[in-house]
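You will see chain A twice below: alongside chain B first, and alongside chain C after that.
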Partner chain A sequence: MTHNAYRQGFPFATALTALVLFMLVAGSARAELLIRITEGADAALPIAVVPFAESGAMPAGDKVSSIVQADLTMSGEFRPLDPSKMLSLPSQRSEVYFRDWRLLGQRYVLVGQLNRTGERVEARYELFDVNREERILGETAGASANNVRTLAHHISDRVYEAITGDPGVFSTKLAYITLNRTGDETRYRLQVSDVDGKRARVRLESREPILSPAWSPDGKQLAYVSFETGKPVVFTHELATGERKKAADFPGLNSAPAWSPDGKSLLLTLSKDGNAEIYRLEIASGNLTRLTNHWAIDTEGVWDHTGRGIFYTSDRSGGPQIYHMERLGAEPKRITFGSRYNARARPDAKGEYVYYVHQRNRAFHIARINLKNGEESVITRTESDESPSVSPNGRMLIYATQQNGTSVLTVVSANGGAAYSLPAADGDVREPAWGPIVR
Partner chain B sequence: MKFSVQSKAFAMLLSVGLVAGCSSTGDTMDEEGYGSDVAPLDQDGGSTVYSGADGDDVSSSGLSDDQRQAAQQQAEQEALRNITVFYFDFDTSEIKQEARDVLVAHARYLADNPRQNVRIEGHTDERGTKEYNLALGERRASAIQRFLIVNGASRGQLETISYGEEKPAVRGSSESAWAQNRRVELVFQ
Partner chain C sequence: MSVALHLLIMVIALAGWSWTSPVSEPEPRLISARLVSPEPRPSPVVDEQDQRDLEQERRQQEERERQQEEAERRRQQEQARQEAERQAQARQREEEQERQQAQARERAEQQAREQEAARQRAEAEAKERERQRAEEERRQQQEAERKAEEEKRRQEERRKQEEAERKRQEEVARQEAERKRQEAERRLREQQLEALADQSNREREAEARRQQEAAAARAREAQMLTESEKYQSLIRERLSQAWYPPSSATEDMTARLQITLLPTGELANVRLVSSSGNTAFDNSALGAVRSLTRYPVPSDRDTFERYFRQFTIEFNPQRLR
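Coming up: the complex of A and B.
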């Protein structure tokens, strides 16, 4: 079991378009999350990530191979070898002695070299299967010198995919909300960081609540609920430019945005016609279609993996439960039965599982239902769990929970095995949204 | 029991009379507030309130001194109106029995003062999901709104907003904190 705790700040670029006065530019790097690996999975694969050979001056900060090692550890699926235990430090195929790595109990070995030319760093890396004595990956990749984290995450993704067959998610982003209270002052901040909590940047800051960040499928925009005008309004926010648009500002609730797979429409919860109902908003035309019609609460709509149906929360049975509408307009079918409180469905991309918040006795956990056989199982051991968000490869899950009275983010493997948590440097961090894989 | 029911029914008549008397002073009610928004459920709620209002006092003091009666009523109504926060059980938007007299007093005051506006703020405790709680907070605020309308306030005076679990009255994760956070607040403006 490893236990890491490090922090790193990054300057905040002033990319926000100052549309409203309350949006302050956070000049300091107080946005960062820490990372704490709390639990490794028993079945983790042993891999040796050999420190890369370097030619030319490398930028200060974490080494590429250290970042790769941390990424693979974080996934819970790998158990990287401590470099101090390595018998040799090969950087190319001719230097790899499989017998040595077998002796150390390693299944895989990653070696590589970094070359700096001008402002660019190029990596040449090779991955070997120790038992088969075969090279299973040999590639080069480059990035600008101030972006070696991007380069390292890319290498981690390639290694992960070569071994597991599923795409890696180390290059994806997290969006989340931090909340700081000092005296009477409350600050909500919408932030975006790498999945390891590094390179966090504040995208919006407000005294009033910010809720429910949701990624567009291309990873370029977020939709969210902001109370900055005194009531809940849904905004879309272009990350590159900071340009924001009001997507829904109807009387009553405007909430729970979720993008369609084609990025052209949003599911929303509106109460303009009486009580909370789910609507589909076509963004370009502004056309609004009502999808539910019931006196009960209907909210937290999200598209299923086919992109034709939706999951949502309704309390029409007396308490919140998850429903599935296979086609828009079809008769909804209740899918959760295991307890009296099941809400906020988040399906994986393959259509195998749906994750949700589940009350058992007095505790709230994250549970998942197997859509093939209807089996519901609790996957978290923490007790005040909220806001599940599935990684785009379906193998990890991030959610918010309480630790010592503050809200932290926790990542677990999708079956609940390995875990790491991402507490904020100070204050609460909550409502994580795992961004898409952007190619 | 029969006596109690009769005296309550009598008090109800008296209450209605008082409201009618007040509204005949020249203030007109905004008719927009009425109509389809009044659900059958709340008409039940309304009648329950009248039957519970001030019944015992009325029957014990009698009707011999109308003015004293009215003054006492007014003092009681004012005292009731000091209460502006109403609490709910977990995952419900059902108005508690003890809140009803107070809400009736507010509704009457609003009927008498048509320029008075109120923001009805719905809140939940921290448990459960944030979006569901936003909707639940709104349902609580709407329940109070409908109750006030049924009892004489006009829709134009009332604005609802839900903060869900975002603005707890009390911080902490105890039963007591949760109970204090599951609430609707009336903010007079």
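Coming up: the complex of A and C.
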């Protein structure tokens, strides 16, 4: 019986064996080679921004294509080709020879034409993917003749977004404080400029210190600390009108304003109760809510990306460290441990990283912590770094550092890959604040 | 006897006489027939030995007497004979006449009888004919009936035969069909069995062949794998240098591209088989793949065909800057 069963089972066993063998052979034959690429180039992306063809008299000053090149360079993600190395200067698709650009190692080519009609300048521009030989962008945009920088930044934003998938931030604004000393005259100035530092305008000038400018979410107001009254007072400042309001003038310290995502309240650090604590101030009503209560210093509060919790600095552990209170009133959690000094947290808008000032070996750097895995990494190579501010797209970071004995602003890509120093203004430049994207 | 004999002689004598004397006148019937001769005396019985002389004498005597008598008697006889003859002749004539009359009568009677007989015969014959005709008719009718019956019977018989034949043929056809069906089934079973056997054989052979081939292929593949790994890492390195992950890339993004190369290492085709969900990321991968003008590929054609004719590249950043 067993023998019989075996005999009956034999063909099945044979078939099964054959099937398994076949699957092995066919499977291995079909198992296509898979190559995983887990790391990209360290270098920035090569892009050729061809000088735009011009018709009509252009205003003096920087060319649109030059501004775009500078913007892309500043991002740290692009490496624009020097125009002197270009084999041709096409301004439209029919003139683009992909083979040439490929030979030059370029991934993208931006070409365009500018037409001036009256007081208006119009740009037609096209972006090509050299390797795929495809046009990935083709638009027109215009601006008044004295606003070609705005036009250029807009083009930069469009190009950046088309290639990276993230919105460009070249049309956003920076706010910062300059300090000039001429003789024994000291001038503090609150200034607002383009992200490349150009077109800076002074919004407030004072003999007394101005600190901690902070952008309202709509980009229309700034809040800051001014000592103009002899003591730190928080003001809100309407940029369009120049109208200023005292937001917080409590006894003691009034500092470190930060806007809520809805723009209706400010986080403040007040010492009116004897110790520096974090409060929430409802701007319209003036209602004040205390958010922290600890014998140590709690300061530099900022909303997390959810708008429900806050990060802040506390020295309750003996030195300044960054804490996260996920809900107002909840038990705060310390998130930085890498060194004895971590302060001035600035979270990105996606909730992925928090940037902060980090002291290591008596030097101050900007570091960031990955909120998912707690990994902390230093992203600046300079020392004496302070006041980090993250770009609204989370891709760039601006901070103040010391250069040749003066304080300057430096922009780095958020991963620390590239650094771009803004043109030095007169004197020290401090306390930068990156403005929001204004649609 | 002697009397009859005498009589006869007398008749003959008479007739003779009559015939001798050509007297034509018939004798009158007066002397009709009269017995003439006396009774013969019986002869004495004498012993022959004893009485011979006597007898001799006496016989002479007697002879004389007898001769006298004889003469006498002959004369008488002659007379009688003549008389008789004459009478006989008359009688004969009468008789002849009567005979002839009788004959005529007889003939008439005979004729009448014959006529009657003929009539009767004719009648009988007619009757007979009628009877025969009727008989014949009846017989024919019977015959016809019989024939009709016969015909009917035959037809019935034929119909039955035909029916039987039809049924038989149907049965034959059915049996034939059944036989064919069974035959077809049998053939089918045989074919199936044959096919199974064939298949089994083929499978065994194929398996043996496959095993041999698999062994050879494994050895070859091991060699090719080593070779391919070298070129895989070369390609990985080149692509890593050529890939610019966009700023929007995250570590959970993966784009898969299917690459088709020419043996020269030139890119024949690239197809995005699995998107990362991020256009910029996908484009960066596509750009990287297309940026290589020539892929490092093994010169061994088999290894190339096996691994590098078509393969997949997966872009998945593990450590973003």
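Going forward, the second predicted complex is superposed on the first by the 394 of 439 C-alpha atoms of A that agree within 3 Å, B and C clash if a C-alpha of one lies under 4 Å from a C-alpha of the other, contacts with A are read in each partner's own complex, and residues count from 1 in each chain.
We take it that a residue touches a chain if its C-beta (ideal position, glycine included) is under 8 Å from a C-beta of that chain, and two chains touch if they have at least 3 such contacts.
Note that this is a predicted model, so its numbers are computed, not measured.
> Which holds for A:Gly405: it touches chain B only (first), chain C only (second), both, or neither?
A:Gly405: touches chain B, not chain C.
> Touching A:Ile283 in the superposition: chain B (first), chain C (second), both, neither?
neither
> Between chain B (first) and chain C (second), which does A:Leu211 come into contact with in this model arrangement: first, second, both, or neither?
It touches chain B, and chain C stays clear.
> Check whether A:Arg132 is in contact with chain B, with chain C, with both or with neither, and answer first, second, both or neither.
In the superposition, A:Arg132 touches chain C alone.
> Does chain A have more residues touched by chain B or by chain C?
C
> Looking at the overlay, does A:Leu45 come into contact with chain B only (first), chain C only (second), both, or neither?
After superposing on A, A:Leu45 lies in contact with chain C but is clear of chain B.
> Residues on chain A in contact with chain B in one complex and with chain C in the other?
Touching chain B in the first complex and chain C in the second, no residue of chain A appears in both lists.
> Spell out the residues on chain A that touch chain C in their complex, using ranges where they run on.
11, 14-15, 17-18, 21-22, 24-25, 28, 32-45, 75, 77, 102, 107, 129-132, 136, 162-166, 393, 395, 413-417
> Applying the document's contact rule, which stretches of chain B touch chain A when the two form their complex?
The touching residues are 91, 126-132, 134-136, 138-139, 142, 160-164, 166-167, 172-173.
> What does chain A use to touch chain B in their complex?
209, 211-212, 225, 227, 230-232, 252-253, 255-256, 269, 271, 275-276, 297, 299-300, 313, 315, 319-320, 341, 343-344, 357, 359, 364, 384, 386-387, 402, 405, 431
> Per the contact definition, I'd like the list of chain C residues that touch chain A in the complex.
Residues in contact with chain A: 200, 203-204, 206-207, 210-211, 214, 217, 221, 228, 232, 235-236, 239-249, 258, 278-281, 283-291, 293, 307-308, 310-321.
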